[in-house]
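These notes open a run of structures that come right after.
Here come two complexes built around subunit A, the first alongside subunit B, the second alongside subunit C.
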Partner chain A sequence: MSAAGTGAPRRRPFFLPFLLVSLIAAGLFLAALGDVLHYSVRLFIPGSIEVGGFTLANFARLLRPIYRTVLLATLIISFLTAIFTLLLGYPVAYALVRVRRGWVRSLLIVLAITPLFTGEIVRTYAWILVLGTNGFINSILKALGIIGAPLSMLYTSFGVILALVQFSMPVMIMLLATAISHVDRSCERAAANLGASPLMVFWRVTLPLTTPGIVSGAVVIFAWTMSAFSTPQLIGGGKVLMLSNLVYLEGLTNLDFPLAAALSLLALVVAIGSLGLMRPAIARLERKATLY
Partner chain B sequence: MTLRLEPRFAAKARSGLFWFVVVLILLFMTIPAVVVIATSFSPSELVTFPPAGLSLKWYVRAVTYPDFQNAFINGLIVTSFASTLALITGSAVACLIERYAFPGRTVLEAVLSSPLIVPHFTTGLGFLMLGVALGINQGYAIVIVTHVLLVLPFVTRSVYVSLRNLDPHLERAAANLGASPGRVLTRITVPLLLPGMAGGWLVAAVLSLTEFTASLYVTDAGTQTLPVAMYTYIREYSDPTIAAISAILILATTLVMFIADQIFGLGRILSIDAH
Partner chain C sequence: MRTDNEAAPHPPPAADPAANAVELVGVSKNFGAVTAVHAVTLAIRRGEVLTLLGPSGCGKTTLLNIVAGFEEPTRGRILIDGRDVTLTPPHLRDTGMVFQNYALFPHMNVFENVAFGLGMRRMPKARIATEVGRALEMVKLEGLGERRVRQLSGGQQQRVALARAIVIQPKVLLLDEPLSALDKNLRGQMQIELKELHDRTGLTTVFVTHDQGEALSLSDRIVVLNRGEIQQIAAPIELYRHPANGFVASFIGDINHLPPAECQRCGSDILFRLAPTIELAMPARADLALRDGRKAHIFVRPEHLRIADGAGEGRNRVLCQVVTHVYQGTHTLTRVEAVGLGLLQLRIPGGEIIERAPPGSRIVVTIDLDEATVLAEA
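Up next is the complex of A and B:
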């Protein structure tokens, strides 16, 4: 790309070593995914990690009601998480991009992005302390006299979604902030000069111009939540099951690698499928956005 | 809604309301961390809120518990190898994608960024199976390989952004003045890419240190990393030892992120800065 515009012939040193390193990395990842594919079509021999002949029985097993229920629950939890993360993430992303004071901006970046780097176990454990029977929320509500008996929030879908939303916020904020920072301020100024109120400017100019970011944020969080494991595992406590928990149960507890592999492939297909569907939608939105 | 109000006042009220909402959302994001830190000083074994006093005993237990000590050292070994290997690989991938046109480039790019999309449990299960197939399912190698692939997209992106902003004239000038390709790389390209490489390495190291789901599949009792050891502990005990470790990790990452923001500008690494 960059070589084309410069005119001068560019030398290409180190092409082969760079290529070799990249191919090794890509090869290892493809080999790992290939193994999942391979195990998913092999026969499970109970009590052994050795597998039998080739079969499609593992995919037939996926059609059982229990797996359909868990798939549906996974989709619903991921969808709700994406929506709530979007609603809570937008104001923070907007503030992050538009704030003028440097220190407020730095503070917002650190507060909004740091949770991403503290790791899922730390964050999931924190929510156990917040949601537990004697936890933060119940203690406050009790102290205020709002409730007599503690609410049960741990081991519920509500608790899982609440934790997942907090978990997804940094990524959503980053994606939305990128979209908002690309909005051409002169469009907003033009609308304001033509008499639109600030709310109107936001509603009719800024928001439509950021729809590609909104869609990609929501879909990325949806796909991301599909693969959440520790939150449903620890906050759901076996009462809220997602695909990831079944993969763990079948793969590492029951040592049924073939079924675990088939379940992982199902999750992978849904995740890639949702991201794949997003691309044309975003392309259309971006075309529309340029017409404004 | 603000029809009868003076416009100035309405604007102030609106902006006040907006910031009030933003602060509430940020509280929602930070309260869990605050609760963890408060709990870590609890004197009692039973986790209650607010804690009934002050004590450092869970910190003592956290740093003297042998499983955590081993897991911390395992984590350091895995992370230092994984993030450094990812830095070398990611820089190569970024150069390849930015500088060279060759058949299959988009495929290579897609494959190497797919660890972002593929669920970590699928990646973990895959590398566990690969490890079994290659006979290296016990030991650090398979854990390191898994982590390299998981953090690679972040390093590649960071180096790629730096590479895009690098003025190619500088490299050409050096080459025209007679520098060999190796000299151009070590004296011009790498020093100019250093901020992007350092930022990418840092993000890779933090992500590798805290990675849990895939690690759960590819580690065993001898190679388990800190998050895996913490998970095992949470399932067996309910005392605030995990709160103490979590508090240390939260403060450490916040400090690192704050320093990184000062040095590299996190906004730039994460590409949220206005253009």
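Up next is the complex of A and C:
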């Protein structure tokens, strides 16, 4: 305490308590991660939840084709979910921000946000009712005579992605709506004034200025979908497997904790790694769209 | 309402309607129950600088937005170059607007900003480069094409906005309080540059401002607006010397509004009785329909009040008590109080008055009505 008496009393930064909270959270997370790390390098003893000595065999097991297939499927499903959520979410977010009539806006907000209030399981079961062989869509199509035999949508990647997109929409819409509401309307007016048709104004001004929102929306949904569990579990029904389902299968069905731990680490590394790979592109996009 | 047609020498007198770049015919705009613009009819002559001047909320920006097409009038028509554009969307109107906040495209550099309008007109790339180069030169930004707009100072951003608007050679240049975001010195400099730019381009210009100084120094004609209605259209000098009503008189420059006076003709003079002891005289003027016994409002500029020399009796002399002096460099604004007249403001060259007549002292003030504005009470 050499500073005492030499100068003005120092003010303690007001954010110290907040820092403490995040330190506790980080500590808990690191403890859990440490445990996973620990399990991943122990030997699996079939038929027992006890583990053996230290080994790297679990990681060698990850190289089997089945795991590569699931990893690839997870990446593809996450990517497609992010893209489709973006494509479907943008118009909704745009309307949400730009519609002038109060009641239309309220309706859009309710439609966009309410899915958040129903749990993931409830929503997923609703999708089972909609997508099933005798579900809503098939009944209607059959009644209209458009199809003879029911379409199989349940237990397909299509069904899983559909449900994941719906699940992701509220978050995407909120991120995009924030970005869109920050676009300076006078920039759009300036573009129109200079001869840009409404479509051109959108393409050359609105869309580029919302790039940060588009990027963060897509990245968040991609990373989020990478760890999706209950939707692929219930709608995939074991036929569509994502990494989390595999972790669950190995850990809680086969009681192979070491392999489950190694898979979890793989999922983590892949999620972080793919975000890292996207970074240069993201940075370029955001630089191009930096605001004042 | 006075509509002045002979005062401005700069644009030639308009005989045929094609001489008007923009015409507003009976334009009104309501926002819900609020009337922003009421029955405005206005012809903007080709090549002139016309200023829309008024306090905030007077409807001047709404009028500009109606010309640009960002607002649809509730009633009335807009013609640009004689063509009815009332229902034409903004991007097909060929107007060039400079926004109050400049509204530069933050994701484009200076060149791309200025080139935007030309690109929309599908001009060949090589010609765009030439035109943008010329426009940037005109606003003294040559060589800064590669800069990002957020690296520019406020004054430079203003110039980019100007270049972007003039490069498309619009039928009318619309300036929405373009100088209000600049600091005072820069504003004066930009005023001069705007004037030079207009001399070089000859673009018909509509300039919106609430700053009467800006309006007086930049305009060929000024439209004074209040509460959505035109108060007067006139050249700056005419407006300053002969305001059409009390609002214009008080809004343009400083003015002393004397208490209502009763008129009486007396030979070739008109006498105004302002208070039991105060009578002011003015030679009768043809433009004043003042009958005996009618009430009149007199507006006198501070520079038309003088300190009387000597103490002798004379015309229009009023005994006053000095209240304060505000020294302004080239002149001093002196406030005095006269019984029956209230507070008056004098504009006295130099600053000697501060020593000569300290607050509290009594002086005699001559009120020169030759230049005064006299309005009969309705």
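Keep this in mind: the second predicted complex is superposed on the first by the 253 of 292 C-alpha atoms of A that agree within 3 Å, B and C clash if a C-alpha of one lies under 4 Å from a C-alpha of the other, contacts with A are read in each partner's own complex, and residues count from 1 in each chain.
In this text, a contact is a pair of C-beta atoms (placed from the backbone, for glycine too) under 8 Å apart; a residue touches a chain by one contact, two chains touch by 3 or more.
Keep in mind it's a predicted model, so treat the numbers as computed, not measured.
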Superposed partners subunit B and subunit C on subunit A - clash or fit: fit
Partner chain in contact with A:156 - subunit B first, subunit C second, else both or neither: neither
Which superposed partner A:19 touches (first subunit B, second subunit C, both, neither): first
First (subunit B), second (subunit C), both or neither touched by A:169: first
First, second, both or neither for A:121, with subunit B first and subunit C second: first
First, second, both or neither for A:112, with subunit B first and subunit C second: first
Residue contacts on subunit A - larger count, subunit B or subunit C: B
Partner chain(s) touched by A:191 [first = subunit B, second = subunit C, both, neither]: second
Superposed arrangement (fit on chain A Cα atoms) - minimum subunit B/subunit C Cα distance in Å: 6
Shared contact residues on subunit A - subunit B and subunit C: 198
Touching residues on subunit B, where the partner in the complex is subunit A: 11, 14, 18-19, 21-22, 25-26, 28-33, 35-36, 39, 46-50, 88-89, 92-93, 95-96, 98-102, 108, 111-112, 114-115, 117-123, 125-130, 132-133, 145, 148-149, 152, 168, 172, 175, 181-182, 184-185, 203, 206-207, 209-213, 216-217, 227, 230-231, 234, 242-243, 245-246, 249-250, 253-254, 256-258, 261, 266-267, 270-275
Residue ranges of subunit A touching subunit C (in the complex, touch as defined): 184, 186-187, 189-198, 200-201, 204-205, 208-209, 211, 288-292
Touching residues (chain side subunit A, partner subunit B) in the complex: 1-3, 6, 8, 10-15, 17-19, 21-23, 25-26, 28-36, 38-39, 49, 88, 91-92, 95-97, 105-106, 108-115, 117-123, 125-130, 132, 134-136, 139, 166, 169, 174, 177-178, 181-182, 198-199, 223, 226-227, 229-230, 234, 244, 247-248, 251-252, 257, 260-261, 264-265, 267-268, 271-272, 275
Interfacial residue positions of subunit C with respect to subunit A in the complex: 68-70, 89-97, 99-101, 103-107, 116-117, 120-121, 149-150, 164-165, 168
